[in-house]
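Note that the chains take the letters A, B and C in the order they are written out, and that residue 1 is the start of every chain.
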Amino acid sequence: MIAQFIDGPLWTFSLSVFLIGVIWRIVTILMAGNRKDLATPRGSASAGAVRTVFSRSIYERSAATRGRLLLIAGYLFHIGLFALLFFAQPHIDFIAERITGLGWTAMPHWAFILSAELAFLGLLLLWIHRLLSPVTRLLSDLDDHLGSILVFLVMLTGCLALAQSFESLRLIHLLSAELLLIYFPFSKLMHTFTFILSRGYTGATMGRKGVNA
Amino acid sequence: MSDRFEQGLEALRQQIDARISSYFSSCVHCGLCAEACLFYTETQDPRYTPIYKLEPMKKLWRREHTFWGKLGSIFGLSEPLTEKDFADWETLVYDSCTLCGRCSMVCPVGNDITYMIRKQREGFSVAGYAPDGMKEATRRALKIGSPMGVTYKTLKAALAHVEKDTGLQIPVDKKGADYMTLFSSMEIVNFPEYIESIARIFDATGVSWTISSKAFEATNSGIQIGNKEAAAELVNRVVIAAEDLAVKYVISPECGHAYTAIRWEGPNLIGRQYPFEVIHILELLEQLKAEGRLQLEYRDATPMTLHDPCQIVRRGGVVQQPRELLNSVAENFVEMKDHGVMNWCCGGGGGVSANERAEPLRLHIFDRKKKQLQETGVNTMVTACANCRIILEEGIEHNEMDTEVISLTELVADHLTASSEKK
Amino acid sequence: MNGGSNHSLVGHGVKTTVIRLLLLWLFALPLETVADTKESRGLPSTMVLNPAAELWRDVRQRDMPTSGTSQVRGVDSGVLINANGDKWRKFRMQQLIPIGGYLLLGIIVGLTLFYLVRGKVKIVAGASDRKLPRYTSYERLIHWFMASIFLFLAITGLIILFGRPLLIPIFGKEIFSVIASASKEGHNLMGPLFMVALILVFVKFVRRNIYQKGDMSWLLRGGGIIGKKHVPSNFFNMGEKSMFWMLVLVGSVIVVSGLVLIFPVFGQSREWMELAHVGHAIGAILMIGVILGHIYIGSVGMEGAIDGMKNGYCDLNWAKEHHDLWATQMEKRGEAIANEDVNRFSDPDTNESLGRELREAGK
């Protein structure tokens, strides 16, 4: 009974909340509007925007002398999570079955496991650092910790269900993913989408000034 | 809550645009901005983390623009922004931020934290929570025309000196000239050699220029304290004078925030585009050199390094020109390890130099510039901002170093070929 | 002596010798009697002994070669009956599990008794008003990373080893099979991260764990844990150094054997897998025992022990009492910091204090 609920209505509900929530958040940001910049530009705003959306993924050397392990952890987590979310066979099957109707090539199983391990490594290092560093301790609020916990839970339950032999384990994983989807639009996790806006706006401004940011 | 606070709150509210909203939405509290801020790196105090300085505006944004905030405010669960927040954050917003822009360069999600602090200052200044020194400077600027109280009389005296020393005539209020130049009060009072330098250079290169007796001040205290009305008023004076004299260009001198004010914020402050162009003195000099009109002779063998003024280079976009010019007059130009758009702030920008309360902190964080200098092993530092100059000299003296600070324009003028000068 | 080791299997040299020695040691214990009977004695009903003990004895005593040929190409594919496997299985069920279990239980009971008798080791001179910097944030990051991975692997590992006798009676077979599957998957996935953690720990801490003068006398005096007299020591005392090297060496055995177990694709035979399992389990139980002691001291066993690992600073008096040689050196170098300064940076409250400080300084 619970199984049907998790597989059925709760899935539809969580996916809808996610999609509508994400779109709504982005729309409200855009609707706040920006005043037109009347100063004569030196360079192109759109080129700057596109440039910064990609270039910010490369870290700035002069600020990274002490944060090296953190930077590596950040890359490991994000890249690992992206790989395992979209290129692990069980996930592709799920998405193909429930959302898109068609799948795509999966990465080999060993790559799936490797991505998972790297993602865990990154997340654990980042999360422990968040709890230890005076800077992040000052900055972090409930939202940050809840986000970290939920993502970790989804990853952990997924790992526990890796054998794909028990319905209960699969359902716990799906349930935690659904909770994450519901929480997503109301939290910092939105940076997954809004980073394009924030990087873009800054890139545009700096591009107009002729600075590669 | 006082009336003034309410007005400040409203001013702050109006600053929240799509940029600010996207920035707060994307910030994941990673803390990397702290590593870029010299107030944090030299003190290790986590409260100097750039994004932490924005807690007041974040509180307001959260309460009025997010689901949890709006829900919380209905049920009385979320905290509203209070006057105490303004009082508590004043030192963070003004004493420990020079608007240098390094944080904006390193944020992984691309937040322009500098922009955010500039906007937050709008609310603080209206509510009256700004350092006394900066308030005074702004009052003087609005009333007298200069934050240091420099009147045209003072300038006239300085111009007279220059005319006597060089034998040149300085054109004042010359209608139809190509270029109208501005000066920062700091240059007029502390470094009048700058005026002599540009007089000689313009004479040698045949540049048609003038100064307006009505609006010669480049510094814009309104930008620093974060008050758009004050800033607009100060910019407008320059714009009207330039229109009166029907000049093609307005030259922004060796002053950091002046460039930001007139070049990038100005048209937005007054709500219209200029009928003239704004050019930085370094851009003009480089242009003249490229055109062959600026003839320079011999190169100094003294090893020199360059301090990049934040508002001109990183926030202004005049990155290559100082290097081109310095290379043409110096044989041994040694770049600092962190140079160009990632050079470190002198510590006195954004109004901090006008803030007496922040002096001990400012002198302490000079350690960063000291380390940079020691790394280059060079004793001569060239820069292109009068405020940087005075702050650097103060830091050098405080640390009993023997580094010399030179203005780039003055250095260029010193290398004018004898034939090009009509002395 | 039974005939288990009577075969001389050509070409298995060292491996067979090791297995023989191991099994020799094990079978020195009186377990023959258990193998003789067909009913389980003193073991839970879920621990079923082999009902065909006689069959297995006959298999082991055959004179023919035990490996034939097969169309299937692979290690051990020519072996139809693996007699060793039963030995290994008996070892696991009758010795590893009970002995390991009682050992861990004994350690827990022992620590409890020790706490009841000795109590918390307090700072004799009382907490001081100054602290010494003890661990940087990287060192703390690496430690807590290792701790979380170890804890997770220990718990899942213990479930895999002791689940059958301990958990099936509680949860029943269906639920336990879910728990076991989850534990196995989790354990296997996180295992390699323990390797990463071990390397990080080694690189970061090896320098301070090299044997120094005074370590042996510390050890001989029991580190002062009995009685009230404290023994001088360096940054790490001999107890900590011993634990470090145990973690590195035994941990390496655990890592290597673990890798052998999760990657059965490198041509290892069943015997290697069994050996790996035995090494892995024994090493893990030993490590868990030692870490229990480590956790005891850090939590309730000693006042001021965990501070360094929590916020990076340790109390000056604590350092003087437990790591005298290091503490004196640090104090001489002027590294002692007042408590308020430490609190200000590691847990700043509001900006009121900051504003006040700046105003004071500006006057």
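The working rule: contacts are C-beta pairs under 8 Å (C-beta built on N, C-alpha and C of every residue); 3 or more make two chains touch, one makes a residue touch a chain.
In this text, all values refer to a predicted model and were calculated from it rather than measured experimentally.
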Between what two chains do the most C-beta pairs come into contact? A-B
Based on mean C-alpha positions, which chain is nearest the centroid of every protein C-alpha shown? A
Quick one: report the Å distance separating chain A from chain B, using the average Cα coordinate of each chain. 37
When centres are defined as mean Cα positions, the distance from chain B to chain C in whole Å is 59
Find every residue in chain C that makes contact with two or more other chains and list them. 345, 348
Of all residues in chain B, the ones touching two or more other chains: 44, 46-47
At least two partner chains per residue is the criterion; list those residues in chain A. 133-134, 137-138
Which bits of chain C are touching chain A when the two form their complex? 137-138, 140-141, 144-145, 148-149, 177-178, 181-186, 188-190, 192-193, 196, 345-348
Hey, which residues of chain B end up touching chain A in the complex? 16-23, 25-32, 34-36, 40, 44, 46-47, 49, 51-52, 65-68, 102, 104-112, 115, 263-268, 271-273, 277-278, 314-317, 319, 337-338, 341-342
Touching chain C in the complex, chain A uses residues 69, 113, 116-117, 120-121, 124-125, 128-129, 131-134, 137-138, 156, 159-163, 165-166, 168-169
In the complex, go through chain A and note every residue touching chain B. 25, 28-35, 37-40, 42-43, 52-53, 56-57, 59-60, 62-67, 70, 74, 130, 133-141, 144, 147, 185-186, 188, 190-191, 194-195, 197-203, 205, 209-213
